[in-house]
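Structures incoming, each one as C-alpha cells.
One chain, chain A, appears in both complexes that follow, with chain B as partner in the first and chain C in the second.
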Partner chain A sequence: MPEGPAIAQLDLELRHIRKRYGDFVAVNDVSLQVGKGQFVCLLGPSGCGKTTTLRCVAGLEEPDAGDILIGGKEVTGEPPWKRDIAMMFQDFALFPHMTVARQVGFGLEMLKKPKAQIATRVAEVLKAFEIAHLAERRPSQLSGGQKQRVALARAMITEPRILLLDEPIGALDYSLRETVMLELKALQKRSGISFIWVTHDQNEAFSLGDHVVVMNHAKIEQQGAPDEVLSRPRTAFVAGFIQGNNVFEGRAGASRDGVLEVVTAAGLFRVPLLDLAAPAAGDALTFSVRAERLIENPGESILNRLTLRCVTVEYFGAFRRHVLEGAGGLIVKYDQFGALPPSMREGDEVTLGWAQDSGVLHRGPSA
Partner chain B sequence: MHWKTRSRITSWLLGIVTIGFLLFQWAPMFTMFTLSFAGENGGTTFPMNGISLHWYQKLWEADLFDDFKPPMLRSFLLALACSATTVVLSVCAAQAMRGRFRGNGLYFYLLLLGLMAPGILVGFGFAILTRLLGIEGTWNTTAYVVHVSWALPFGFLTMLAVFNRFDPRLEEAALTLGANRVTAFRRITWPIILPGVIGTALFGFSLSYDEYARTLFTAGSDGTLPLAVMAQLDRQLTPELYAIGTLTTAMSLTVIALCAIGFWLRARALRGRPS
Partner chain C sequence: MSTIRIRSPAAFWLALPAGLWMALAVVLPVLLIVWVSLWGGTTVSPDNPITFDNYRRFLSNENYLWLIGDTLLQTAMIMAITGFMGYCIAYFLTVKVTSPGWRLALFLAFVIPFWTSTLIRAIAFVPFLGVNGLLNQALMGIGLIERPIQAFLYSRLGISMAQVSLYTLLASGPVVYMLNSIPPALREAAMTLKAPPIIVFWRIILPLTLPGIIIGQVLVFLNVLADFITVTTVGGNKLAFLGNLILLFYEGSQIRMTAVVSVLLMLLMLAGVAIALRIVDIRKVGS
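After this line comes the complex of A and B, so read on.
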C-alpha cells in the first residue's frame, strides 16, 4: 500500500490496521483502499478477522495500531456516531420497541431533522423499499425478508458514504438469498454508496463484489477483482478456500523459459512461473489446477498427467464432480459439464492431465 | 406409556406438594385477613365471634391509628426513597458488570455479601459505627442507608439477569445510526430493560417497607411501621392490628397488580395489533 497524503476520492482507506484481544491477534496489518461507490467483499472463514475489521471501520472497535480514513478524513479515534457510515447486522438488530416507521426514521431523528421532513422522507424510503404497508408494525410481526428490508432502509435513509454489512443475508432462507443479492447489488449501483460486505460465502463474495478481499488468520491473503482472484489464486489458502481447486504440494526443480518443474509425491509437473521469480531448487511450494480444467485421457502433447482411481461421483445438475484418489493418498477433484454423458464410474482407473497453462503457481512456501 | 407422559401417581404427588406449599405460604396471612373481620366482641384467635367491619371502623376513628399514621408515612417514604436509590445503583452496577473490568469478580461477590449478612448484625454494627462517628440515627438517614444496602443485591441480581438477555447489538445499531451513548441508552436500552427496572423498584420498595431487624437499631426515636406494629404487639393484641396488616397487604397487592397490568399492556403493544 502506498503511504502518503489521503486520497480524497477514496471512500475508505485502512492503513496497517492491527487489533488484538489479549494474546489473540484478531486483525494483523490489514490495509485496504475502497474507491468511490465500490462494492467490496471481505471473505474468509469464521474467526479470520473480517468482522473485527468491519467493526473497526464502524468505530465499534478501536484498532491498536493503524489509521482509518473515511472519505479522506482521518477518523481512527472518532466514535461511531461521528462517522459517515451505517451498518447492517447479521440478525438485523431491529429495535423491538419501535414501529418500522419509527426506526427507519431514527437516523434522521439523530440528525435533528424537523419532524415533518422526517415523516416525508420515511414515507418515501418505505415506498422505495416496498415496505410502506409495514410502517406501523413492530419487528416481532415481520418475516425474515421483511426484517432485512427494514434494516436496510434504516441504514440507508441518511445516505451514508459507506454501508457496512455483516453477513447481511446469512439469516435469510436460502431460497430468498439470490433475489436479495440481486436487489442489493442493483441498489448499491443506483445509490453510489460504497458497500463493505462481510461474508464466509464465496458465491456471495464473487458474484457481488467489485473487489474481493480474502482473509485468513487475521491477515489479508489476497485482494483483487473477483475473476482475478478466482483465476489466479496467490496462495495455497486462497486456492483451497475457493471451491473446485486442486492444490498440489511439491518442491521446486529446474526452470526453463518461464516454466518450473515441480516434484511432487505424485510425479513431476510443469507449471508456468508467470510473474513470479523462479524459486531455488528444492524449495517447498504449492500450485493449483481448477477441477474443470482437467482433461480425461489426455493426448500425447499433455505432459502433466496422473493415473487415479475414481472414488465418488456427485451430480449437481450444472456439473458432475468426480473425487479421485491417487498414489500416497492424493485426492483430486475433476468436474465435468453436467450435460455430458457420464464417462467414468466409481472404481474406474483413469488418466487425467492438464494443459501446462492451467497450472497456477502460488507465492510463498506451502502452508 | 410414553416416557414423556407423566404417570398419574406422580401428578397427584406433585400436585399435593405444590398445593400444600401454597397453603403453608398463604394460610397465616389468610388467618389474619379472616380474623380482622371479627365482630365487636371478637378476639385474636378462632373461633370467630361474629363478622363485621368493626375493627376497620375503629382503626379509622380510634387514637390507635393516629399512633400508626406517622410510622406508616415514614415507612412509605423510606420505601420509596430506597426503591428509587436501588434502581439507580443497581442499573449502574449491572452496567458496570457488562463492561467487565479488573476485579469484577470480587465486586460481584462483595455486592452479594449484603444477601448473606444477618440483618441484626448489620443493623447493630451500623448503629455502633454511627455512634462512634457521633451521628444521631434517624429513619431517613441511617436507616435509609442500611435499607439500600439490603435491597441493592436483589436489584443488582435482577438487573444482571435483565442485561444478560439484552442484545448489545441494539445499542451498537443505534450508535452507527448517529446516536451518542447517552441517547442510545435513553432511546434503546432503557425502554427495553424497563420491565426489569420496575421489578427492581418493587423489590426495593417491599424489602424496605417490611424490614424490621435492620431498622430496629438504626431508625432512632421515630420508628417505621414494622417497629410500631411490634411495639403494639408487646402492649396489647387486638384485631385492629390484623386490620392494619390486611390493609397494608392489600395495598402491596394493588401495586403489584397495577405493575402486572402495565407489563401486560406493554407486551401487547410490543406484539402490536394483530394483522
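After this line comes the complex of A and C, so read on.
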C-alpha cells in the first residue's frame, strides 16, 4: 500500500522500488517523482538498473518492494496492458508481419476503437510523422530511421500519459541521432506526454532531460536539473561518469569560513563546503574540478595550484583537451576552447590552478 | 554467404554428385513407375502400348475412391491432432518453461524417443496396445476399466494413437524453431500497446509461427500418406490405406496397378506440398 497520499499532479511516482534476480540486486531503493509533461532521462552505465527501473514502470517486471503510481493511481500489481503508458524499445520491436499502417493502428485496435476512426487517425499520425508513403511497407523494407519513426508513431498514437524509451536512438546511425533527438524533444514539448528516456549517453541525457537521474549499482546517485548535475556532481561516481571532471581523492583537514582544506597526494587544496557539513579531520573524501575551469599560469591569488607535465593534446574542434601528469601518477584533464591558439605542447611543464569556488566537494562514500 | 558464384565451374562440379544421385535414384525410378503405370497389354515388356486404361479402371472403382478419401481423412485427422499437440508442446517448452535446466530435460525427454527408427517404434506399439499390453494393464491398475480394451490394437484407434505419437515431433520441431526466433520484445511491445496475453498470442505469436506450423503439417502429411508400416503392424490386416494398397498390388504381381497407385500417391503429395507453398514461402523461413 502507498505510504503517503497519492499526488494527482504527478505523471509518475516511484516509491522505494526494489528488484532482485537471485543474488543480484538490479534496483535498490529507487524513488522518483515525475511531474506533468516532464522529460526525464535515466542515465548510467550498463547494468546500473536503469532499464530494469523502466521495465518496472511498464509492468514488464514486477518490483519486489515499493510502489509505482501512474497519474496518482497505484499500478504496482497491474499488467502492462492496463497501464497508461507506451514504450519504445531499443531495436524498435516492430511486428514483422504487419504493414506500417496496421502496426501503427494496433494500439487503437486494442482500445476497440471503430474501424473508420482508426483509419483516419492512422492516416493523420503517419502524415505527422512523415511516413505516410510507407503505409503499406513491412518493417523489413524500412531503413533504421524509418523504423524509428514507425515505432514512435505506434507508441504515441494512443496518447499515453507516459512514454517509456529504452535507448531509443542507440540503434540509429550516428549522423541521424542529433536530428532525431531534436525532433523527439520538440514532440515531447508539443504533446505534453512525459518521456522517460533511458540512456548511457550523457550528451543525450543533458541536452534532452528536464530532469536527469544518474544511476549506478542499482541506486540513484544523483538527480536534478541537467545543469545542476553537471555543475555540482554530488558523488565521486557522478563526477567521474560525466565527462570533463577531474576527481581528486584526499583526507579532510581543518575547515574555516565554509572552506575545507583537503590533503591529497598532490598537495593541499581548499574546497568550499557549500551545503555539506564539515567532515571530521582525517576522513577520506573526494572532490572534483571541471577540466575547463582550470587556469593556466594562475596568478598569486589562486591558492589551488599544481605543477604538471603535458602528456597528450587532443583536438576536438569545439575544444582542445590536454592530458597532464603530476606527481604520484596523478592525471589531470584540462580543456580549452578550440578557437584559442594552442598554449602548450606535449612534454611541457606547466602550472595549473583553479579558483576556490570551482572545486566541488562530494558527499562521503557512506552518505 | 557463399564465396562460390552461381553458374561458375566450381558450382557445377559441387552440384554434380548430388545431381547424379538424384537423377539415378529418384528421377529415373519415378519416370519408370510413370511409364509402367501407362502400360497396356498384359505382359511385362517395353513394347507395351501406352494407354490411360489403368487409371480409368482404378478410378472407376468406387471402393478405391473411398480408400483414397479414407486415406486423406486419416491424414487430415492425424495432421490436426499432431498439429495441435505439437504446437502446445512447442509453446510449453519454449515459452512456459523458463528454467534452462528443466527446458533441456523436458526437451530431451521429448526428443530422445524419436531417435529410434520409425519402424521400431511402430512395432513397439504392438505390446503396448495389446490386450495384455502396458496400456490396458495401466488402465486396469488405476481402476479405470475392469476388462482389457480389445479395440486398442488392430484397430483404427490403435493406428491413430501410434501415428500421433510417431509424428508429433515433426509437427512440433519447426514450431519450436519459429517460436525461438521471435524476439521477446515483440511480445512486450504488444503488451504495452494494451494487448492482453490471448490477443498477443492470436495477433503476434500465431502469425509469426505460421510457417513453422505449415512446415510441420507438410512433414506429417507426407509421412502419414507414406506410412504403411504402422498400418500393417498396429492395424493388423484389417485396414488399408493407399500405401498398403501399393503393397497389396505388388504382392499380387499387379505391376500396372502398383504403379498407378504409386503415381496417384505421389500426385497427392505434390498437391499437398504445392498448397503449403502457396500459404508460406518455405525458402524464406529462417532468413
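Definition applied: the second predicted complex is superposed on the first by the 362 of 367 C-alpha atoms of A that agree within 3 Å, B and C clash if a C-alpha of one lies under 4 Å from a C-alpha of the other, contacts with A are read in each partner's own complex, and residues count from 1 in each chain.
Operating definition for what follows: contacts are C-beta pairs under 8 Å (C-beta built on N, C-alpha and C of every residue); 3 or more make two chains touch, one makes a residue touch a chain.
Everything numeric here is computed off the predicted structure, so don't read it as measured data.
J.: Under the superposition described at the top, does placing chain B and chain C together on chain A give a clash or a fit?
T.: Verdict on chain A: clash between chain B and chain C.
J.: For A:R154 in the superposed arrangement: first (chain B), second (chain C), both or neither?
T.: So A:R154 meets both chain B and chain C here.
J.: On the A-aligned overlay, A:F24 touches which partner chain: chain B = first, chain C = second, or both, or neither?
T.: A:F24 contacts neither chain B nor chain C.
J.: Classify the contacts of A:R138 with the two partner chains as first (chain B alone), second (chain C alone), both, or neither.
T.: The first partner, chain B, only.
J.: Looking at A:Y174, would you say it contacts chain B, chain C, both, or neither? Reply first, second, both or neither.
T.: neither
J.: Output check: A:A93 vs chain B and chain C. Expected answer is one of first, second, both, neither. What do you get?
T.: Both partners, chain B and chain C.
J.: Shared contact residues on chain A for chain B and chain C?
T.: Shared contact residues on chain A: 58-60, 79-81, 83, 85-87, 89, 91, 93-97, 106-107, 110-111, 154-155, 158, 164.
J.: Give every residue of chain C touching chain A within the complex, in rising order.
T.: On the chain C side, the touching residues are 183, 185-186, 188-196, 199, 203-204, 207-208.
J.: Could you please specify the touching residues of chain A with respect to chain B in the complex?
T.: 58-60, 79-81, 83, 85-87, 89, 91, 93-97, 99, 106-107, 110-111, 136-138, 140-141, 154-155, 158, 164
J.: For the complex, which residues does chain A have touching chain C?
T.: Touch list, chain A to chain C: 58-60, 79-81, 83, 85-87, 89-91, 93-97, 106-107, 110-111, 154-155, 158, 164.
J.: So in the complex, the part of chain B that touches chain A is made up of which residues?
T.: 167, 169-170, 172-181, 183, 187-188, 191-192, 270-273, 275
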